[in-house]
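For reference, the structures are reproduced in the following blocks.
Same chain, two partners: subunit A is paired with subunit B first, then with subunit C.
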Partner chain A sequence: MARRGSVIKKVGLSGVAWAIGFLLFFPILWTILTSFKSELDAFSYPPKFLVFDWTWENYEVIQQRSDYIGFAVNSLILSLGSSLLALLFAVPAAWAFAFAPGRRRKDTLMWILSTKMMPPVGALIPIYLIFRDTHMLDTRTGLILVLMLMNLPILVWMLYSYFKEIPEEIVEASRLDGAGLWQEIIFVLLPMAVPGIASTLLLNIILAWNEAFWTLNLTTTEAAPLTAFIASYSSPEGLFWAKLSAASTAAIAPILILGWFAQKQLVRGLTFGAVK
Partner chain B sequence: MGRVTLQNLAKQFGDVVVIPDASLDIPHGEFVAFVGPSGCGKSTLLRLIAGLEDASGGKILIDGVDMAHTPPARRGLAMVFQSYALYPHMSVRGNIAFGLRMARMPPDQIAARVEGAAKMLNLTDYLERKPRHLSGGQRQRVAIGRAIVREPKCFLFDEPLSNLDAALRVQMRLELMQLHQSLDATMIYVTHDQIEAMTMADRIVVLNHGRIEQQGAPLELYHRPQSLFVAGFIGSPRMNFITGAAAAKCGATTLGIRPEHILLEPLAAAATATAMPQSPPIWPEGIAGKIALVEHSGADSYLHVDSEMGRLVVRCDGDYQGGVGRPVSLWPHSAKLHKFDQHGMSMNHATQG
Partner chain C sequence: MTTTHTTTHGRVAVAPTIIVLLLWMMVPLGMTMWFSLQRYNLLEPDTIRFVGLLNYHYFLSDPVFWRGLLNSILIVFWVLVVSTVGGIGLALLLDQPIFGRGLVRLMVIAPFFVMPSVTALVWKNLLMNPISGVLAWVFKSLGLAPIDWFAHYPLTAIIMMVAWQWLPFATLILLTAMQSLNEEIREAAMMDNARPIPYFFGIILPHLARPLTVVILIESIFLLNVFAEIYVTGTGGPAGNLPYLVYFQGLLNFDVGGASAGGIVAVVLANIVAIFLMRMVGKNLEN
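Entry: the complex of A and B
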């Protein structure tokens, strides 16, 4: 009796979970469906769910009207470049916090995180002016720098929490074995932290890919990534739902696919400390 | 060479003074054990010598050169940790070779040394395995192998055997002693297990709250403890302590007598006549008591006796038949009596030389 009760409970819970999952996913699904409709079908009421004339037309139009590949390449360069660059700074910082703590470790960590709490608009004007005067507006270099700085706190925190899981005695053993600072980091620390570093990198690529505030404000054409590409379709000249949907779908597809393939790694990395 | 000298070494964490002032000279080739209760600063002292902690004051001379502020890599020491601290992502070979690779030794020489160490430690069949596929004893051997290939001046061990089971511990103890004989290197060995210290060490350093309470050869500490603390720490089972009127009669605050230095009555008559004829008896009639508990360890039996002097532990023959509740009379070996004053310091040297 108790057993049957628990089975029913399980089925019920699974049902609820699936329902919530579907609800969360529905807007994305709707966007994808709409991207295959004609503009007329996209507007029709009551809305057509699956029965309509499926068409690739919107995708053809957006590739013709604007260079999707160009934007995608920018997105790729910006997200990869900023994440790798950030890693370069975050590893030594996290090492210092984990294995050579000073008296103000807690305060410094909190301060680093607190920079994430400031609304970015607050820094827009100074940064815009600096970029204008140093001719970095609409350049990939400039944007990589900004995105790197934006994600650095999260990287430092994540890496710090992974490094802290590594028994300090192993690091100390390498010091007695004659390893210098860089040898200790490269031969001992990094190989042991690979899962953590991989998921940190992945999360940051996703964050940088989706970042819209700075990319929209600091670029026009040359360095503009997919976020700018989507934005260009929410046009003032009337609503083209189907084209906007096609643009959105094309913009999120790469990161969605990457996320899908990497989700195991991502979950493993994110729960590294909790589950072990 | 591997001579380690500590001069007024001090360490504090913030406001907490862990090592107030330690001075110690360890000549080349000696096997020294640091013992003491948990939290007395044994590991801290070892880590200071290793360079893993920064000294707050004082000097650490290694072969006459002050290295108190030299990074661990350049002190020429090797350490074996309680947790083994092997590199999990490297094979056994990689673990043992790591220190040599860091020293930029040519690969063929590294290979030769690793093979040599592996042979010595029975690890030849496991060289390509990762540490997580090894047993505790094998991991410990890898950790030792990692230390010996570097041919350090001095080995540091921090409770290296405490994660092993009892049988393996005894075996590794012997292997370490053999290693010490064949390597001719200085070894500093931290343990809270006084039997390990007694059996392995040339010299024992007893620590109490970060101070060196007493140091000396194992038997010297056993026979001539300078304080109550050392007397209670060295020897197993623990020394019996008697306070009150009986102690006052001897002019002491506390009397100490080891379980192996008390005789049981049937033998007592003969023993008092022969073994200790000159010793002035404090208890001419013996101490009367009742057996409260018997521990049989095979070779010996330990009787816990409730007497007018409190609970006393007595060692007697392994075949001892008497059971709980039996009245006995105890005859302490007067020459083996330790007397301590009100500060817990030994009075024996003053009276007996």
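Entry: the complex of A and C
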């Protein structure tokens, strides 16, 4: 009897869980479905769920009309560029916090995290004016710099949380063998830290890809990534839901897939190793 | 075995990060403070002059500002409530043995990866449109009158969209933490025939203290800075928060002085929140 009861309980709980999961996923599913409809079907009432004429047309239109690929390339360059640049700063810093700590390690780490608390609006006007005067508005270089600085504190913390799990003895042994600073970082630490660095990189690409304060305010066309590409669909011209859906699907698909694969690393990374 | 030698190396390795972050913090912040004391309009560049606290006076005596401040706080508060309470509930549910747990997990976590401008447009049009949106259809099917969200409840609409993005984040982190709860503790609790409610408050919730801290910390950082959802849906008038007001004042009205005063107020607000959070994090992440 007990067993039968537990099966019923499992079925019931599964039903509830699937219903909630479906509800949360529905806006994305609906966007994907709508992207394959004609504009008329997209706007029809009552909504058409699966029975409509499936078409790829919207995807061709968003490429021809608003150059999806151009924006996607910018998104890729900005997120990858800023993450790699940030690694150059963060790896030595995290190494120092993990293996060559000064007396004020904790304070310094806290200070680094606290810079993340500074709201971007506090810096928007000066950065905008500086960029205007140095002709960096709407350039990839400018945005890579800003995104790099935005995410640097998180990178340092994430890398530190990975590095401190590497046994100190290994690093110390290399010191006894006379390895210098860079040798220690490059030949001893990095090979052991590859998984941690890869997860850090992945997570920061996701954050930078979806960043929408600086990218919307500092770009217009040349350096504009997908966040701006989507925002350009905010002023409707006639029926546009199907095209909007195609544009949205194309903008989120790469990161959604990446994110699904990276779930575990995501938790560990975003909680700085506090939750594994 | 930290020798003076390695300590020196350590300083050298940390220095670049400290320097760029210091510049990134201090230079714009200093400039914002300076601008906030000027009469400075981009359209009238000849009339820049020092006006003391006048910008703050204008800003703080404008009801729009108080509305923006309130909106900032409401967005942070409600999204935190929905995502932590909902996150705990969902994590408890997904922690049970259910069919296809992996797939449900994928569906639940997905909204977190959607970029804010997509969320904004999809919700505003496909879901919340009062005529052909899916929600309108649901309401009519239930015999209710459809709601024109953005005309009547713009702030609620923004909060719903943002909560949709952050609930998955809280769920994922709390679920992972719950699954790390030692099997033995669970079995012991089962043996003792622990009742669900004391078990939850006595064992599960204390175990979640740390991950909850992290969730609240990370979410607050991002929620204070919600911008795209408001900007893209064009709800800045009724539902604009501080970031939106600064953008509006500075980049649309070209009032650098006024916008800067708003920016400084936003920084002060973030600092008040930060002091709380840093204490909490310092305590909870210690061990």
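Quick note on the criterion: the second predicted complex is superposed on the first by the 232 of 276 C-alpha atoms of A that agree within 3 Å, B and C clash if a C-alpha of one lies under 4 Å from a C-alpha of the other, contacts with A are read in each partner's own complex, and residues count from 1 in each chain.
Just so it is clear, contacts are C-beta pairs under 8 Å (C-beta built on N, C-alpha and C of every residue); 3 or more make two chains touch, one makes a residue touch a chain.
Keep in mind the model is a prediction, meaning the values are calculated, not measured.
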Which of subunit B and subunit C A:192 touches, first, second, both or neither: first
Which superposed partner A:172 touches (first subunit B, second subunit C, both, neither): both
Subunit B versus subunit C as contact partner of A:25, first or second or both or neither: second
Chain touching more of subunit A, residue-wise (subunit B, subunit C): C
Touched partner set for A:100, first subunit B, second subunit C, both or neither: second
Contacts of A:183 with subunit B and subunit C, given as first, second, both or neither: first
Residues of subunit A contacting subunit B in one complex and subunit C in the other: 172, 175
Contact footprint of subunit B on subunit A as seen in their complex: 167, 169-170, 172-180, 183, 187-188, 191-192
Touching residues (chain side subunit B, partner subunit A) in the complex: 50-52, 71-73, 77-79, 81, 83, 85-89, 98-99, 102-103, 146, 150
In the complex, subunit C residues that touch subunit A: 1-2, 6-7, 9-14, 16-18, 20-21, 24-25, 27-29, 31-32, 35, 90, 93-94, 96-101, 103-123, 125-127, 131-132, 134, 136-137, 164, 167-169, 172-173, 176-177, 180, 210-211, 214, 218, 221, 224-225, 227-228, 231-234, 242-243, 246-247, 250-251, 256, 259-260, 262-264, 266-267, 269-271, 273-274, 277-278, 281-282, 285
In the complex with subunit C, residue positions of subunit A that touch it: 10-11, 13-14, 16-18, 20-22, 24-28, 30-31, 34, 43-47, 89-90, 92-93, 95-97, 99-102, 108, 110, 112-129, 149, 152-153, 156, 172, 175, 181, 185, 206, 209-210, 212-213, 216-217, 226-228, 230-231, 233-234, 236, 241, 244-245, 248, 251-252, 255-256, 258-260, 263-264, 266-267, 270-272, 274-276
